[in-house]
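See structure below.
Going in written order, the chains are labelled A, B, C and D, and every chain counts its residues from 1.
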């Protein structure tokens, strides 16, 4: 396993992380989750990512159980959670303050997460999406408060705009507080603009580290939809969660998704030439970006974990020539503007 | 129920709050208090306001019991208390430091309040009136201290002058500390100057949020004194508390109060035209002011709670034309001075 | 009892305080101590002063027992202790860090004091004399640390020079920390320079409050040595503590002490004219100084406590004419220099 | 015993300290360790130094046992530990964050050390070597965090460059935090540059205090290798630890070591003239440097402890003439550059 510094911090994370989105605590049975986490840990993964919003908190519960089950030492793990939606995606009735990034919810939300995880602290706590109703100063102060209380070591953001991240640093600098160390954006061969263009200046200026999610773009880059059909028996075919439903609908109608599958088919040729799977190509390609500290992967079977981890070894196969070939297939390299005028 | 941000903070409070002034823990029996709080909670109210001074601390005791009785989740509630008179309204003998806003009383007073409430923290802690004997720096530091200790999320003021609030912010800014987020003034159709004129600049400059008390001006705006008599069997007729006594005396002699009752009678016509009660008109009129985050209402019966909460639905009936009509009746719209000279 | 603000703080202290120097926990039997403290409390005294150095810590032990014995509420008391000599007056061997104002001793010393007192916090913690070996920044930070930890509400100094106090404020201001609120100097009719001259600018500039000790100048101003003899059976006649020994030796040889006794005899005439005791005159004279927040008195009998407390009522008898008469007797009014040159 | 202030702090350390490098908890049996520590304590030593890395944490365990065994009062001891390698010298697999100076490892490492020591706090915590992968701001903040949490009184560095120490102060000053108070470098008659030249400006500028290690240069300055052989039965002859192995290899081949032994033989003449042992000469020579607060000595037998402690008494024998004679033998006095150009 390769380990990288999380941005300009002293923390080291495995370049492959394991995330609990939709899966852990949700529709995958608990033992399968344990198996995936154990496979990952044994393969050298130290970074496990969850959120208060995943499976209504169940993802945290199962992750905590797994850590105790295998007796992993706390200092050998980097555990993260994210705060913004505590058990409620829409802000309704008395759940008003169970969402968002008010001081109240950051403190109460993290306390509840730690209770579900059975931990005294997480290593990383993220603001799960921006909250434009709460002033930046309140957000920055509240994350510093939980760090001062020993409930987290670092705080960061997820899917914030570059301007919001820079503003958080501006507030932190003014008050002598700690700014956001890391961001968790979507990043993969099909979605690149934010990481490669919007955040461009933040890496050097604020030492921003990235832990990215959706490396396979909801499975598309694994090639499993390459014959333009939803595989029978797959999660997507049967799941009733709103994300899966929306994806199913998109499947037949959405022109963009058809293009993405077509692109994926072309990438398959490259993967075959290198003797690796499409998923491995997709993950290895992300690892090649030195601004990425960890690629958060999902998995419902230990074999998937191992396939993903293998990608680290294959990263060297993505020579400049191969990278060039990939660029020609995906045709989505963001163009940086050297100057702005008008 | 409508929920509003508390000034420029990320906290959301129900636009109708329930307060424990004189009533809860005092002359109303405990079960009635529970019924009122439950009616409010079930109607969507999340904001419950008390103070160390209310009924000598009994208001906090009963509020705490009610929360445990119904098992309400802590994150679904916004609980506030106020510090300035801990069991003693006049500063006498050994009670010297049980009043005021010294660091000693803010810390000891809040600890005692939390003990009575049976809570680890309140959401909001107010300075219950200014204390001009204690330096502003000591007050600002002490409220920040209890926030740092996790005993409150936000601090604010009650019936401070605009200059005092601005001075608190000046001190907080100089020291990099948190300033007062909210103020709790009296505000109703008969008392408007402070909220509409004195505080005018504070809303945009410091993001001040308001939770207002006395929406019915001690019952006058409910219309119950409209025949210029104290109703038999009412609290006012029998209560021996100093406020009720003073009010009883005022009743027959005070010219201002007679005018207020006359005004109220005129407002009754407007309420009837809209098909709502006088109380609802009075509360809906406050809600129309976007600088008000929550109107703290009192109640001794669940029906009153429901009547008050209904006001939220009727706020739309107060069209610009109706508002204009009301202005002509109350004739007390504060005039802002655009410039000052000499 | 009269209560005064402690300098420019919001804390109120009784203008008469009771101190535990030499006596409490030391040679006076425990029950007598309890009686004195109870007499003081019942007379309205809220301020009780001790130090880690008094009777090797026993003074704190007995004071704590007394508080529990009578069940006095914590918020009705202002308890102070002083840190600098934890069980050792000279810094020897392993006791190196049991003296002084290092961060180690301020924290460990105060923890030990709280343990002996049986309290969670004191109201006031003093630096008992300056420590010129420890940098001012370390001292200021350490006292702020114990305040942040909730172990004291205010910190101050005892017998520091004006320059040292001003330097502490300079450091505190630079770091945004809390400076020393009060000083505890010797002050009486025979020793005036520090309070009336050296500290002159500190009252307005830093809001310095004073709690003074030795109001009777080790008993001289009580008139008990007026026939130039040590009374038989008195503490001074028999005590083996180093202070008493030094005083005994001084008694017959020291020219200054003879002059002080002669002055005291002249003051006796004034006291008789006013119909009060010499001790009461001496204490009332201190109270007349508005910069003094509290006069810390000593006592080995409840009657002494009452005699001292009575002085408060007699302060009005010290009219401008009487004050002028006293000035002529003591002839020690410090002269302020309006300008300094050369 | 002589006690010195630790740099520009108020803490006093015995000029002879006892360290647990390699020995305590390692190959020396536990009882011998207890005997050495007791001999040192009884001779006035108050400063005991260990590190999370010594004997894989066992050094801390045994030191903690010894403190409890003899019931030494916490305030009579100055205990230090060092953080950088928690059970792992090389950063491998899941031990990634068990080394270095990330916020995670400083907090987790110190907590683990306190657990092994059985103490609530250490007096001193050192950054055991620099960590150039972690930003200085993170390091400075994390050490201040553990000080704020009451887990240490002072923080310092070990074998950092002058530039790194100055940079830590620059960051601390900017953020209003506490900078490193002390450094722990190697310092002895054979290795002088860092202490006498590189750190030259830090003593006055930042008040840097030194606790030095290796006073006998791994035993060379004790004279035990003076016949150019490894004594049979010695630790060096048999030990399998990597340091001993490397030293054994060096022994026959390394030109520098041969020179050092030759120098040592010449120093022996001086020691004999003064009637003291070579070790005592070496330690006394360090004590003569006023920038050294404490010389950390090692020992595997109580007699060695006593021999080392005796050096304090002999320091006066190192008159200017003797010091001059020593300079001529060692011929390694660092030359300070008054100005730099080009």
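Here is the rule we go by: a contact is a pair of C-beta atoms (placed from the backbone, for glycine too) under 8 Å apart; a residue touches a chain by one contact, two chains touch by 3 or more.
These numbers were taken from a predicted model, which means no experiment stands behind them.
Trainee: For chain C versus chain D, which are copies of one sequence, does the interface use mostly the same residue numbers on each side, meaning over half shared, or is it different?
Mentor: different
Trainee: At what distance in angstrom does the C-alpha mean of chain D lie from that of chain B?
Mentor: From the centre of chain B to the centre of chain D is 63 Å.
Trainee: Distance between chain A and chain B based on Cα centroids, please, to the nearest Å.
Mentor: Inter-chain centre distance comes to 45 Å.
Trainee: Would you please write down the residue numbers of chain A that are in contact with two or more other chains?
Mentor: As it turns out, chain A has residues touching two or more other chains at 148, 176.
Trainee: If every chain is a node and each touching pair gets an edge, what shape is that graph: line, ring, star, complete or other?
Mentor: Contact pattern: a closed ring, each chain touching exactly two others.
Trainee: Of all possible chain pairs, which ones touch?
Mentor: A-B, A-D, B-C, C-D
Trainee: Considering only the defined contacts, which chain B positions touch chain A in the complex?
Mentor: The contact residues of chain B facing chain A are 1, 3, 5, 8-12, 14, 41, 44, 46, 72-78, 123, 148, 150, 153-154, 176, 178, 207.
Trainee: Looking at the complex, which residues from chain B come into contact with chain C?
Mentor: Chain B reaches chain C through residues 86, 91, 93-98, 100-105, 107-109, 112, 131, 133-135, 138-139, 141, 145, 148-149, 175-176.
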